């Protein structure tokens, strides 16, 4: 297994390079009879698309998806769904200066050491562009989960660099380029980003994702717990350095009498567990957080080495996201959807 | 897949219940020719064993491991290594009062909803006792990694509830029951735990794990990144609510010019990445943190429901760890060892 | 993956060596709530057991199974079912002369070349004794399939060396040591075997297996077809050199107008397909055949080499089956049961 | 897992329908640094292509492959290789009469029962056209095996319906449309096929495949034996009803003193084993046979039912192969190559 497939029963195999002919995914194991159109998938891709505000990369990619298989007369047939996205705006010349050097904090270095070969154009395989097929596949999972269980999966940004973003309301999220659940704070975020771009630097972010309306009982102990698989998927996203569930790292200083969610006939009285106990869903909302590091492609000069091991100064031009967290909300939603759908099918297999 | 197997090439299948006849694991895919003895494994099991200080459960389990297969004349043969640990001190009567009720924050509730059946004795399958087979398997991985690459994997406690534990030196870790890298703070930890036990409550903890001397190049993009697989394994451990790599959640407020680890001909100048870039090891130490929640089995009465959905007050007696983090250090070392060995073999398969 | 696990959702992990402390299996993914006892499993093990007639190995192994986990109060809990069988009659001295030499036609040679290590006692890992855990696991699958779908899986011997065994009736099968569906031919089979033992030679056999009452729709195209997975399981049995479905190799000279099974409102009018079309079950009986080679452990001297590559004469003493096909009927039933159960769960996962 | 992926480390995920927009495969796990071009793959596709003689389907498909990813500057990068083949000659109207009825012996029936949905155009997913992506992926495996070990994998037809085809020489195989290793018999085969087409009927065939120059030691006991995986792959090919290794079903009447291949310092003295003992390669040529049934799409009227269960007469027009075995030789070569490469990588992982 070379790591490019996610899931056991609902399986997504991702392919492509940032500046190659195309990127895409093959989605295997989808139940038959689900209505799926290119428009359904395009809707989610458009949420992740570059070039939609001045705060993200200015690469112009329509990210137009084509369904090559697995859907007949608008419904899934149970066979693999191949999704194709052609790359169109690939200006590889912008990256010629990095072919021989390693950006500090970038996968350039490790791909080179692992494979001895790499496609350096636009970051090649390690580009965040490869999250588009994940989002496309996630659109199918989201739709199936919603139709089957009423499950709704939504994310938002809770912190941009030093700026905490208090949650106000879900309907704010779609109305600003940051996926911030708080309209009032948007001007501050914009000002911060404008200054950051002037500085030629980048910044981290923290995102939250919440899945509501999932039944109790999903998850496979011991190792493939629902939260373990969520952590696997989310930590597998470019630039993520931390994943937590429910109370997350705050649980370290909590006492059991505080952390353990009491239950009454009316239901759970809190959700420190984040919707998972013993690796199995409780029926409460599943809540997770991710920490996203600042992107490594910045204009500020930094020390590095080239392939010969000689010292160089590296400055990355080209079109990069100064905060990859800004476009990551649809991606973490998609990843959670993929994990939940896989576990829904596994649960149905074993427990009927 | 029902979730009880970890790994793709170096595979650990875990079985058993806390108060059943036995627990154990089958380890498949071990390279042939490795010297492995029961003593090697017992050494790691003894580090995790209950009853070794007043701060952990007083259950008396020798956790004596028997190698049933896969080792001939002291060397692995390449065939499955079955490891058996008999349960000896199972006082199931202590748990009779919880058969019908759900402890707040415990997997009782979810196992019941998932399976409709469960072995309630001592937590059954969801007991932290099931980490013993993981530790036993990890002992084999640790030995192979050390012999093959000189890899050393060590963990320690960095926070106990509200008490941060500054790192002083590795050689402190083995000399106190907390795996604290700081002898001076031990009396404070002991006093805290003594009071906690009097209160009948429990507490969370934060642990760190560091793997040194691993080569650059391990890890499988896109989904099965090295850090994603570490996160999967660690979040799959009982009571873990958060996992982070390198700078972890601190990266949220870092700028790219700070976070990206500069490289000189002498090597990396920092390790915010935690030894992984683009999902592939850099050759620097792999560093991870976990947040461990307070155990749910406490003497303090809490509100819950029984299987009929009626309100009950739950108070958990029996022999429980007031801080499961105290015994978790050998377990997270084992989990990291299992992931690293699996990735070492996968890397060798693809890249020779 | 080191090859010792069968199945995707209903997974059997096999361990042990012929003369080590124990053999066994861990069965993961069993649905909860199935009544399973050691007696259920023992019944199938006793059908495969050595020493039950003069025509098979005289090793005296009670093959007593112990359920270590996954069953509570007589019902499966959905957690891994560990099955343990201690080896008791291991006379390793009988095999001392083969430690350094390779029997023609035996796995001695290949294990040595693959691993550089091997447990030579009684064939070690390559012994047909390792089919006992398969049979034990298969007993659980058989029971679940029968209770859930009324599926019945039965095998018989259709040829012993040169002697074809015409099918007469199922109820003959259990009344002779050959699993022959034909009581009249048994004296001829016994006489043949008696002479064979005098000759110190061994012989091949052909077996059939029939699974009735399985629904249409099981199987996963393209690669994991139901028949492909049956072929994988059956060819994975020691000594099997050929597997066929339905008409098998006879289809080579059939025309489409003869081979294609016509359908009327009353159902299929023939079963050349063997119950599988396009890799998916038709609802007709699944029928498969296997060719089992003569065992390689014979008294007749043969030419071979030792580990140093020098010529030797090999003569195998010890207690061996002169026709491993005689005890193989319960094993092929078990293997088909394991495949069917796995596919039943996969079908339920995807198609509800 | 929905069955459309073959392999553990060298993994091929197949997608597409006969008359959809495209078919293809994603090949994951290929070692980096292998020179691969579209021409390399096209060469194998052209061997399988329809319309190359009057004895096969007259559908005109150029089967032009496009490499979408995983190859940079002519060399593999270790990332997924996506292969795309557009469908161009899809005359779906030819098949309109079969949308509602089931052809005897065809997967129509089972796809309908499994999924409740199906793409009926040209057989949809169950079409033999879906072997093209397998052949494309196999071309990569063939090249790597040849470059790394000198392995050569070749197949031929050994029987066409009632006509046995004695092996004369490998160099005959490429010079006739049947892949017959015997030029003299070709006129007889052509006459037979010409009559068959006039009859509107179809016929079965038997093929052989031989892999030379593979090292001893490949294969994973117990369940994932090399021969078991070959059987899985070959039985997973459309229309295959039987698979055998080495002596195959002839072993049933062989004695051990005949079947067991003697070894001398000069090597094995025969190859009844077909290159595999105990599931592990011996270093001799791997030899396998497959039985291919007559295709179910024939002009002769046959009894069947429609989706309402009512009796119908079915006659299949359109462009079909009267003997799918004729084009199957490159496919079985590809399947064996895929299995061998996967096992080569697994062996390298475990045994270094």
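For reference, chains read A, B, C and D in written order, and residue numbers begin at 1 within each chain.
By our rule, contacts are C-beta pairs under 8 Å (C-beta built on N, C-alpha and C of every residue); 3 or more make two chains touch, one makes a residue touch a chain.
Predicted model, so just to flag it, every value in this text is computed and none were measured.
Think of each touching pair as a link: the shortest run of links from chain B to chain C has 1 of them.
In terms of C-beta pairs in contact, the better-connected of the chain pairs C-D and A-D is C-D. Shared numbers divided by all numbers used gives the overlap of an interface; between chain A and chain B this overlap exceeds half, so the copies present the same residues. Centre-to-centre separation between chain A and chain C, using Cα means, comes to 46 Å. Centre to centre, using the average C-alpha position, chain C and chain D are separated by 26 Å. One finds 38 Å separating the Cα centroids of chain A and chain D.
Chain A has residues 1-5, 8-9, 14, 29-30, 32, 78-79, 114-116, 125, 221, 346, 350-351 in contact with two or more other chains. Considering their complex, residues 1-6, 8, 12, 14, 102-107, 109-111, 113-116, 125-126, 130, 159, 161-162, 196, 201-206, 216-225, 227-236, 238, 241-265, 269, 272-274, 276-283, 291-298, 300, 302-305, 309-311, 346-347, 350-351 of chain C touch chain D. Those residues of chain D that touch chain B in the complex are listed here as 8-9, 29-32, 78-79, 221, 345-346, 348-352. Against chain B, the residues of chain C that register as touching in their complex are 1-5, 8-9, 11, 13-17, 20-24, 26, 28-30, 32-33, 66-70, 72, 75-82, 84, 114-119, 124-125.
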